[in-house]
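Common to both upcoming complexes is subunit A, partnered first by subunit B, then by subunit C.
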Partner chain A sequence: MSTFVESTLTTLCLYVVVAQSWNLIGGLAGYASFGQVAFYGVGGYAVALLMLDASLSFWVALPLAALVAGAYGLLLGLPLLRLRGEYFAVATLVAAAATQALAAWQPAFTSQGAGLTITTVGTHQTTPYLGAGGFTLLFAGLAAFSVGVVAVLTHTRLGYALRVIRDDERLARAVGVRAGWTKLTAFAVSAALAGLAGGASAFRLVTVTPGQMFDPTITVLTIAMVVLGGAGTVFGPVIGAVALTALTTAVDAVLPSSRDLVLALVILAAVVFVPRGLGRSGHMVRLFAPLTELRRPRQRPLLR
Partner chain B sequence: MSEASSPTAPPRLEAIGLSCRFGGVHALSDVSVRVADGQIAVLLGPNGAGKSVFVDVVCGELQASAGRVLIGGRDLTHSPGWRLVCHGVARTFQVPRPLRSCTVWENVHGAASRVREPNEHHHASARGRAEQALARVGLLHRRDSRPDCLSLAELRKLELARALALAPRLLLLDEPMAGLSAAEIDDTVGLLAELRAQGIAILAVEHVMQAVLAMADVVYFLHQGSVLRSGPPADILADRRVVAMYLGVPLGAIAG
Partner chain C sequence: MSSALANGALGGGLIGLAAAGFTALWRLTGVLNLAQGALMIAGAYATWAVAAALDAPAGLLVALLVGGLIGYALQRGLLNLLLGQPGYLALAGTFSVGLALDSLATLLFSNDYRVVPSVITTTVITLGPLHLVAAGLVAFCCAALATGALGHLLRHTHFGLALRAASIDRDAGRLTGLPVPALFGVAAALSAAAATFAGGLLSLTGPFTATDGNQLLVLIAAAAMIGGAGRLWRAFAAGVLLGAIEGTVGYLAPAALTDALAIVILLAALALAPRARDALGRTGVGGLGGLS
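Coming up: the complex of A and B.
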């Protein structure tokens, strides 16, 4: 495989992970988070600091970073999940900006603006750099894991609880769903997934800066992918990630300066023409229905 | 009925002096209601009498400003709504509230999965309970339909099936017959009588007199937030004050 193909595949898989992370809280629970990049950044910084200061292996640091991001999700979710709709969206947007400001303000996190550089060569390295092929494999594994997490959650009682919360919180209480606790769990798992993506990215980038790890474009692109593919479905975010990654790669090759303009037009068109997402519209439904719809017992026992 | 006749068992639902205030409006004042296992109690009263508010207070949707709610002898006055489900309380809504993005089966099975019964394999029990609930209300043949394709009668059945899937000991039904045809009302009355025979306590808000007379063991007549009279249905309907309040005839006109 050429380096170009490998790096494109890696980016695609990275976006699948972040998209599934957003899908959990935004798609399944109906709480549109505009601050998902905060957890991505926290995960990235956690990996960098654990590898640098604690001299931990990347393979230990990565799951720890997911835990740290999940804990940060609990911390933010506790107050923020009391809000709904656009209030929740704005609050998460601000929380992400505040997190970025915190990272930029703390000298230990930035080494005076130069960014943290993970040691990947010499005697102080904790884990050898994975290389292009290695990272493609790592991110593909993480993408498969994130799809698995969403698929499993969709089919458990937590999945039903999230759907009731999304559609009718009053009904949720009437069927015994503890809404506050359920939302918090989903938010923490979603944050941990984003942290996983951020942690792996930090190692891939070697040098992490607040501007890169907390780039709001990541959130925007992720939301666009999930909405385009079909929020709340298992494979919709994957379809969205493939579509938008292909599009941005193509536009970058042909008209690099008009990338944002083309993206904006496509997202607008998607919202107008396929508001429920590609994974749920027209002939795509027939293609993907067995995968994207909730399993119906007896009829199509595809899963389990 | 056997449990109800046991002298030591506390009533399934005992509301003692319940009040609920919204600012200066007394939606409920000092309402006391008892429903035993295997008993059907009906809340009757004109619009705005506080019947739905009473149901909402009992199941934790609204906060009582005074009084207590005992479920099976346990004080659950200030428990959040979701916890009451664990204590065997299930309700239906006056306006059916299905999940429109889910099928009939997903609606009922999802609810069933929220409750765990001891000593049963979890998946098997939730599935079994959902199937039983759908069969019971006669909606099993519509299991794969979306709620948007159901008639009002079927939506009411879905409400009931979802409540039954929670394995309730106390059912709170907010106007389960509203909008149904005479034949459908008879079906529902028969179903509720069966549930009563199983020992489930039922508290229903109901306007349909035919149904009230056919099924109620006890009627509470609410007016402006308090219980005006309670007793067997025949006695309540023979009360001139009740008839006057219900039909809006001035008291003097009857007295004369």
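Coming up: the complex of A and C.
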């Protein structure tokens, strides 16, 4: 395989992991988190710090990073999951920004925002750099793991409880679902998955900076993938990740300077034209519904 | 120290104005406009570009106009289509509009810091123990006046009444002959114009760059959340409060801590206001009531 194909596959698998992580809390539980990148970043910094300061092997640091991100999810989830809807979305967005600010400020952790560099060469390295092929395999494994986690969870008591909460939280409580505990568990697992993705990315990137590890664009791109593929389904996020990774790779090759602009337009198109996702039946109807709505607005006054 | 606090509070007025616009649209249509920070930067660039050719007041007028146009187009082209859909779709949509504005600004103007040069930028007024930056004082007064005007428009005019009626029940509004989509469009135009006007004032008081939008958004959203979906002056006051804290913290500790502090205040405010937790339903649209 050429390096280009390997790096594209790696990026694709990375997004599958983050998309599944969002799918757990946003798709299954209906709590749209706009701060998922916080856990990605925490995972990344955990791997970098564990490898640099504690001289741990990457293979030990990665699961630990997932634990750290999961614990951070618990910590943020305790106050934030009491909020609903837009309040939750914006609170998570602000929480992610605050996490980035802390990472940029804390000098002992992150050399004051200048970035940490994981040792990958010489005698002090803890784990040899995996190389393009190695990272493709690693991320493919993580992607398969994340799909497996969501697939298994969907069919457990927790998965059913999450979907009841999404559809009607009061009903869920009435039928005996422990809503708070259920949401918190889902949020922590979701955070741990994002932490895995971030941790593996940190080792791949070698140098981690707050701007890169906490880029809010990652969160929104992920949400667009899940929306495009179908929120709450097992394979929807995979479909969305394939579609959007293909597109961003193509744009990167042709128009690298206007990448964010094209990205924004694609997310807008996904939101307007396929709000229920490609993975659901009847999507073609949805695809054209807004267009017909534009031609023949139904929002005219009924009486005049 | 007290001067740092006062100047911070003056700067917070600009956040307050943008947050008041944010709150107005939130209250009226149930949408949180995550492009509000990027709109502020767009207004700043509009003012900067016109001020270089003509003068600053003309720049502010153009900023108002640009904001109104973008807001109206945003509501009619995107947000009206998403009414009744899950709330996160509108959030993702407005965030990507902000991303598009940010990247357009980066493409057009690069990442250099800009400021509108003027006499008042460097003038300092001494009031007792306080040393206030004149430009900040003028901008604060403009922001307070604009917030008041927006509040007056929504609460005491026939147009505001129609808008609030349409917001409380869209179907009933349509039945009584209100042009609901257009009214929502005007609401978004006013909200966005508040942001671009605040951005225009920002360009008169200090340097800004294309990538500042996200940080501004965090402050705006935090101010709006602390203010709650209630009266506009609460959001304005919350913006001033955040600005004062930013000024003081920036004086005592690294500036990056400010965002972290904003979340602590936000969480405390949300924890103390039980209304906030149940105020909005899952979809966030529908009968939200007016600006009571």
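Operating definition for what follows: the second predicted complex is superposed on the first by the 277 of 304 C-alpha atoms of A that agree within 3 Å, B and C clash if a C-alpha of one lies under 4 Å from a C-alpha of the other, contacts with A are read in each partner's own complex, and residues count from 1 in each chain.
Rule of thumb we're sticking to: a contact is a pair of C-beta atoms (placed from the backbone, for glycine too) under 8 Å apart; a residue touches a chain by one contact, two chains touch by 3 or more.
Note that the coordinates shown come from a computational prediction; the quantities given were computed from them, not determined experimentally.
Superimposing the complexes on subunit A yields a three-chain arrangement in which subunit B and subunit C fit side by side.
By the touch criterion stated above, A:L28 is placed in contact with neither subunit B nor subunit C.
Touch criterion met: A:V227 reaches subunit C, while subunit B stays clear of it. When the two complexes are overlaid on their common chain A, residue A:C13 makes contact with neither subunit B nor subunit C. With both complexes placed on chain A, subunit A has more residues touched by C than by the other of subunit B and subunit C.
In the superposed model, A:V147 makes contact with neither subunit B nor subunit C. After overlaying the two complexes on the shared chain, residue contacts for A:A192 are found with neither subunit B nor subunit C. After overlaying the two complexes on the shared chain, residue contacts for A:A38 are found with neither subunit B nor subunit C. With both structures placed on the common chain, the touch criterion links A:G176 to subunit B but leaves subunit C unconnected. Once the two complexes are overlaid on the shared chain, A:A65 sits clear of subunit B and of subunit C alike.
Smallest inter-chain Cα distance, subunit B versus subunit C, after superposition on the shared chain: 14 Å. Across the two superposed structures, the residue set of subunit A contacted by subunit B and also by subunit C is 297, 299.
Subunit A contributes residues 157, 160-161, 163-164, 167-168, 170-179, 294, 296-297, 299 to its touches with subunit B in the complex. Interface residues of subunit B, counted against subunit A in their complex, comprise 59-61, 80-86, 90-91, 93, 97, 99-103, 105-106, 109-111, 113-115, 127, 144, 162, 166.
Subunit C makes touch with subunit A in their complex at residues 26, 30, 32, 34, 78, 80-82, 85-93, 95-97, 99-100, 102-104, 106-107, 174-181, 214-215, 217-218, 221-222, 225, 254, 256-260, 262-263, 266-267, 270-271, 276-284. Those residues of subunit A that touch subunit C in the shared complex are 26, 30, 32, 34, 79-80, 82-87, 89-91, 93-95, 97-98, 100-102, 104-105, 113, 169, 216-217, 220, 223-224, 227, 257-261, 263-265, 267-268, 271-272, 275, 290, 293, 297, 299-304.
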